[in-house]
Amino acid sequence: MAATKTKETTKQETTERIVNDFSMTIGTMNGSGSQTSNLTLLRALFKMGIPVSGKNLFPSNIQGLPTWYTIRVSKDGYLARRNTHEIVVAMNVDTFVEDLQKVVPGGAFYYGDHLKFDIDRDDIAIYSFPAKQFAKESGAPAALRDYVANMAYVGVLATMLGIEMDKIKQALDFHFKGKEKPIKLNMDVIEAAAAWAAENLESQDPYRVERMDETKEYIMADGNTAAALGAIYGGVQFASWYPITPASSLAESLTAQIGPLRDDPESDEKTYAIIQAEDELAAIGMAIGAGWSGLRAMTSTSGPGISLMTEFAGLAYYAEIPVVIWDVQRVGPSTGLPTRTSQGDILSTHFLGHGDTQNVMLIPGSAQECFEFGWKAFDIAERLQTPVFVMSDLDLGMNQWMSKPFEFPDVPMDRGKILWEEDMKDLKERWGRYRDVDGDGIPYRTAPGNKNPQSAWFARGTGHNEFAKYSEDSDMWEENMQRLSRKYESAHSLMPAPVLEQGKNAEIGIISFGSTDVAILEARDLLEQDGQGTDYLRLRAVPFTKEVKKFIEDHEVSYVVEMNRDGQMYKLLQLEYPELTAKLKSLTKHDGLPLNARWVSSAIIESEAK
Amino acid sequence: MAATKTKETTKQETTERIVNDFSMTIGTMNGSGSQTSNLTLLRALFKMGIPVSGKNLFPSNIQGLPTWYTIRVSKDGYLARRNTHEIVVAMNVDTFVEDLQKVVPGGAFYYGDHLKFDIDRDDIAIYSFPAKQFAKESGAPAALRDYVANMAYVGVLATMLGIEMDKIKQALDFHFKGKEKPIKLNMDVIEAAAAWAAENLESQDPYRVERMDETKEYIMADGNTAAALGAIYGGVQFASWYPITPASSLAESLTAQIGPLRDDPESDEKTYAIIQAEDELAAIGMAIGAGWSGLRAMTSTSGPGISLMTEFAGLAYYAEIPVVIWDVQRVGPSTGLPTRTSQGDILSTHFLGHGDTQNVMLIPGSAQECFEFGWKAFDIAERLQTPVFVMSDLDLGMNQWMSKPFEFPDVPMDRGKILWEEDMKDLKERWGRYRDVDGDGIPYRTAPGNKNPQSAWFARGTGHNEFAKYSEDSDMWEENMQRLSRKYESAHSLMPAPVLEQGKNAEIGIISFGSTDVAILEARDLLEQDGQGTDYLRLRAVPFTKEVKKFIEDHEVSYVVEMNRDGQMYKLLQLEYPELTAKLKSLTKHDGLPLNARWVSSAIIESEAK
Amino acid sequence: MSENVKTNGKPSNIKLNEIGLSKNDYRGQPTTLCAGCGHNSIANQIIAAAYELDIVPEDVIKLSGIGCSSKSPAYFLSRSFGFNSLHGRMPSVATGASFGDRRLKTIAVSGDGDTTNIGMGQFKHIIRRNVPMVYIIENNGVYGLTKGQFSATAERGLTLKYQGANPYMPVDVVEEAMASRATFVARSFAGDASQVKALIKAALSHNGLAVLDIISPCVTFNNGDDARHSYGWGREHNEPLHDFSFVPREEEIQVQDFTEGETRTVTLHDGGQIVLRKIEKDYDPTDRVSALRIMEQAYTDEVMLTGLIYIEPERPSLHDVYKLPLELPLNRMTEKELRPSKASIKEVNAAMF
Amino acid sequence: MSENVKTNGKPSNIKLNEIGLSKNDYRGQPTTLCAGCGHNSIANQIIAAAYELDIVPEDVIKLSGIGCSSKSPAYFLSRSFGFNSLHGRMPSVATGASFGDRRLKTIAVSGDGDTTNIGMGQFKHIIRRNVPMVYIIENNGVYGLTKGQFSATAERGLTLKYQGANPYMPVDVVEEAMASRATFVARSFAGDASQVKALIKAALSHNGLAVLDIISPCVTFNNGDDARHSYGWGREHNEPLHDFSFVPREEEIQVQDFTEGETRTVTLHDGGQIVLRKIEKDYDPTDRVSALRIMEQAYTDEVMLTGLIYIEPERPSLHDVYKLPLELPLNRMTEKELRPSKASIKEVNAAMF
């Protein structure tokens, strides 16, 4: 086999073994089916009880361009992306040279021996393996061979790192939903490769895995699936969407999962509808129509879609139609980097729509929270009668995360202030669609089909009085807009409070949100090692709850860490707490990659040193 | 005639005559042709040398709903809307009662005697006149009679107030472009009514007009016409638009005016194209295409259109396409009050587009400035290679304003950094579309048709390198976005500086912008009368120039006065000058009416008293 | 329909229909459209049709976009829920809205600008979806509400003051509906009250999307050259404040009943004429090829073909496709129907790996 | 075309065309589309057509929306200016872009999703405007770039993994173009190289909008049921990361030349078949009625009619309507042509009152 000059002679002083603590990156070509191999590795490690995370760095392309998958194995439970690569597996001829350079000194480099390159590094362990051979020998049909070939590295790594074969089997089992044929075909290749490695490769690097007991209480999920499931438990009835990376899989998961959970086996009738619209304008238009008609309605999209929804968002805000809009953020402006992650839509979404608007946003920070906000968003939208934006991102939405199990909603559904026939019988005053009866700025609504002859109202984006009648009256306009401000005030108390993590000897604060959570948690440990204690506040919503103010007040300085260029959340905090602005510092990164803990800690140290 | 009980007996102690200092409101039905009468009054007063302003308060409707026209006559040159009405002319049966109540004690109430109402006020002068009679007697064809009827009040007011007949003739002459027939028809009615009034009405109120010499240096213009003319002098070549109140007349003026000013009498070929698009998405898309192809391109719209342009705005920002977008603001959110004025799109337009964007905005404060920014916007857009938003509003755009004459551009056209064949011959380095050669963040561009084989580039909204090639590279993305930030920094110095008006004993500052100017100027005098000196900074652009910071620093407190709910400019100032936030106070009014000086002065006094 | 009945013991000489409602129960707010506007005629026929069909007003939802035409839902069926949405976007809002309670009838009104300019995409796509509803296009060839610019249905060469001559090919709503394979396609003229009413009734009982292209003259802005001329100087000035100087207050044009197969010339307010031809009696509207043929013939003959042009009654509606419940409408479902059991969450977590 | 000529004194055995350029001068960046994708075939024919027509690459602008198809302008004519705009919005951008220098040719590429879903409105309206350009729709019935959802041109009943069965009527691009009265309407199949090239050449010389609906199979996502089945388990799993497991690397389908009037069955990568029928030789494409007839016939026969279906050469293009200059293009005009004289400002002010 060894057609390449595999410098297996490059021996290293193998110091101690490094167990369950490394990052491994696999470079392949996209569309080559490597995802199954990568997920199998990730899942097997997870089932071994070791904290892991997997990040897919893929191009905006269907087939043929480089893609990398990074698995971080961390006995300490750090799940953020790291910039260092202890183990690299090269399967893509186009990136072989750069992949080789990625490996940290003392690390390990694996490659398929069909890639013929001179290898110029002797500070790392080098292993080559006959990737294509196992596929050929597997008896897989010719058309599937390239695909199965990627299983070779699974087998090789299993042997070299110590990944347990039955966990791999379990992963494949799950992946192929128990279908024997594909499981066997893949397992055969893996086993052949593992056996070959055992016989032909001698480990010269310190990296190993070993069983732990740290993942028992976790599941593995991507945020989009979690969101879809959350929506199902939230009683979603109408979802309209238009395909866009990285949001598509949210709607597609919904389509796939809702039937089994919601269909009545005794009836052919449905309790929901999911429509692929012709574009985002139609997607949100449909959802608003459905929200108006009394349904729990949602749409899911990403930046360009949000931009197209601008006019409709203003209508929903002003006509007070409950609707949930998931923005699985990717890098903008414009088409930007469609397969990279970002938190760049915070400001524009908050102010989405011409005229005065203040949009409510929920910001999940984990897959479990995607589930939770999946249902909670409907409660809030219906309670407030306003569009609720849930700000996820590509990293959270599309990557697999170790997550706490999803929890069944701890409160009954809140359908908000909606009146049906029975409710209207008891009304003492004439009902008015936009009357602020309770002083909280939130009016009562009715829905089509209500047979009370007083229940009908006319929804419109034009000026209206308390009875939803057309009005151009100046004072009426102003009063109604003031009521909407009051409603926004009321929104504060409905928002999920931020999560506070207190540190030892914490002098400084960190404020962050969303998928950066894992990087911040790790960065805090790094900072603590450097003697810098921190408190950490993870925001989960805009508007902010009172805890936010207190946190800023309580700290000399709070670093607002986010993944965009302009410090968008920092700006919102500035606007909310002008008097505290001097205590805030903005730290931003906007390279499209999941945030890296080391960057955070260094940036803070650097800033503190000033 | 006097079928109504006109209480002409209600005599008043006519104190002194009040000359050239009142507001007069005429209530009619829209679609009844009263605009010609109103404008005739306005223009005649203007030609008498008296400072005047006219505001049309009209419904979002074509025919039949109430509309009011308010003319303010002010010897002191105050042109803002007032809430008090010294003279009211009632021609609309639907609003008679409320119109009657509008008159200030001691004021005058005129009405057509075809309106039969009991009149319950004796604190004002009441005049009725046989509005329909003059029209009937005029010999106007039956179909035109209702229309001509409105000229009656012009004649009556001419007599009662002392408006000179030859100035009225001049106004009609202008209005009907010298066409004899309509001029005569209308003039006949006016003269008949005037004669009738002289004979039948006795003045019992103090309000009069007298010739002055205060308007010689002015013209009368609406902001939209001014903007169109400015664009023509700016060499506009491509304008795409979609009808929307209050922006339509900008494009329609452009259509009407460009031919005579730009067509070559010897050739049938054009130097421009104006296209009514199928919607705003297409309107801005066309303008961006044209901008990319090297044309001076623009579009004009209002709130809902701006919302629809969101995605394209992000493309233009990121691909760096020069294009000018006029936002003639009306009241939002949503369809809102389409015929009322607002400054409510400041924040959303600045952040328009998902991802990180910072849009440049010009803010004209007068018709003359609409003209000036009409041409300047192209210079700035081409210099910066970015969309430039010009933020006008309904009041400025659609009402007639006394304005300084338009000034021929004082600088040659700035086409920015564009390279043609000759320019490229001398290049030392390889040209790259997005290279920051000069360190100002502004790259060099080329346009289609350039025959240099190196000149072609591929415009895209996706990540690109300095040579406009597709790139997903993380660092490249970040660097390019940082360059765009640098470009925005460079933009600061290209922006028109604010206008500073210094007051006597000024302790406090007022910051405002756009059409509020006239109200602020008057409010400052009111404040000064109350012993409160003020300095006044009128912003004319975002980003802010250095004068803004200095102004805020130099004042204990600066009131940011604007016509929206949320204090949008105040927020932008807050974001730009966090350290100065404590010195800023927000004063907002969002009732859709042009700002009123008395409200401004009272609000400031009230706030200062605290 | 029963006439002059007594209800609730109160004597009444108002005509009541089978469900005891008078025509007043079907009216809306007073119109604010121009006197003589064709849109008002159509609103009246919606009122008449609903009244005569004994429809409970609360069983109807009414939707529109933005425009003079799109204001009209305010002028009929006050007791029905309504949604005056965004310019060009009624189809999407109506689609979503119709899912709330599938037992309700949906009546949607749009303008030619609303549907064929800004709304072209949504119009074409709602047809593909066959959402069960009546979709009326009040077609006047101009943007009424923004004061008279060309819409996409304006004839090529039509000349309007301030706008010049229209250089573009017109959109033919019926042809578009046919190209998108609509299941109900009809055309009428606002002034032909009985045909309009009959078609609305038919549309209300169609299980799918019914496209009604109703030519509805704008008395104020779409005035042919001659007519404009005859108004004289009243409109001949450039008025930047956009308040047109003269609006003829006329009665809405009404066409006397005429027989199928016949042709009738109608003179509009502006003196312009259109030629209406009613589809022949024995015409088979379920035959698509014939439909295309007569349309092409009408195009050649320069006549406006009116009547039910095409119908395909069998194609399942969107509600059928989505298997929406008939008994308990979606919008009355509660936690019971909508939230999976507490027990199920275990399985979900287990299935997550 | 001259072959094997020497230019600039340098000997060469590369074929050069009349203007001394080799085919390489017409190529673009290497494609990043899937091997076997029909879109690549079309890009090659654009290259061939431009080369054979001796077009100067700098005299072309190329535009697109977003999608796999819309990426292709990067893969031809590197020396031409290009604009990869927004999803569904190429028509508006192209309209504006074409005004810069009317002497340039405009080649625009779009996908079926880009044109008939999100872009339906702009597509219909650019046709009405008759903007002079070649408008190619690379039609594969799916959204390739977002991984295989239905587009509006997908057949009703088409079943795709994860998407279920398509319940909606398909949009027929040719029918839409005809309904909007396009002046040049053609259909072809990506694998029919010579027909594609011939039609592109014809389109390039049409003074108006030329709609080319080119069926361009997506090897990766639009795989018929059987075919999917035959790939076996490779695709039969729910993969949330959206990385489909198997992409067959095949050659692009090529159809041998076949004569006008003939019918040919083509087997796609997935085993599905389409039947192409070339329009008869003596067919008169300037006759609209015939065009409608043969389309309806093809619909009934369930064949894909290919060839030039309709052409109306005389209608003025948008550039004609706007009287754009031919000598000095708009985008080379300077202050001299664009800014009115200083003197004129006086008159303007005087005219303001």
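Each chain gets a letter, A, B, C and D, in the order it is written, and its residues are counted from 1.
Just so it is clear, contacts are C-beta pairs under 8 Å (C-beta built on N, C-alpha and C of every residue); 3 or more make two chains touch, one makes a residue touch a chain.
Here the structure is a predicted model, which means the values were calculated and not measured.
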| task | Between B-C and A-C, name the chain pair that shares the greater number of C-beta pairs in contact. | result | A-C
| message | Measuring between Cα centroids, what's the chain most distant from subunit C? | response | A
| request: Please compute the C-alpha centroid of subunit C, do the same for subunit D, then give the distance between them in whole Å. | output: 35
| If you average the Cα atoms of subunit A and of subunit C to get two centres, how far apart are those centres in Å? | 44
| message | Counting only residues that touch at least two other chains, what does the list for subunit C look like? | response | 86, 117-118, 120-121, 125, 152
| Of all the residues in subunit A, which ones touch at least 2 other chains? | 60, 225, 278-279, 304, 311, 315, 334-335, 460-462
| query | Contact residues on subunit C for subunit B in the complex? | reply | 32-35, 66, 68, 86-88, 117-118, 120, 143-147, 149-150, 152, 162-164, 220, 231-234, 236-249
| said: Quick check on the complex: what are the subunit A residues that touch subunit D? | reply: 30-36, 39, 56, 58, 60-65, 67, 141, 143-144, 146-147, 175-177, 179, 181-182, 185, 222, 224-225, 242-245, 248-249, 252-253, 255-256, 276, 278-280, 304, 334-335, 398-400
| said: Touching residues of subunit D toward subunit B in the complex: what are they? | reply: 29, 56-59, 61, 63, 73-74, 78-86, 89, 91-101, 103-104, 121-122, 125, 322-326, 329-335, 337-340, 342, 344-345, 348-349, 352-353
| Of subunit B, residues touching subunit A in the complex | 59-60, 303-304, 306-308, 310-311, 314-315, 317-319, 331-340, 342, 344-345, 347-349, 351-358, 460-463, 472, 474-475, 477-478, 481-482, 485, 564-566, 568, 571, 574-575, 578-579, 581-582, 589-593
| query | How about subunit D: which of its residues touch subunit C in the complex? | reply | 117-121, 124-125, 127-130, 152, 167-172, 175-176, 178-181, 289, 292, 296, 316, 318, 321
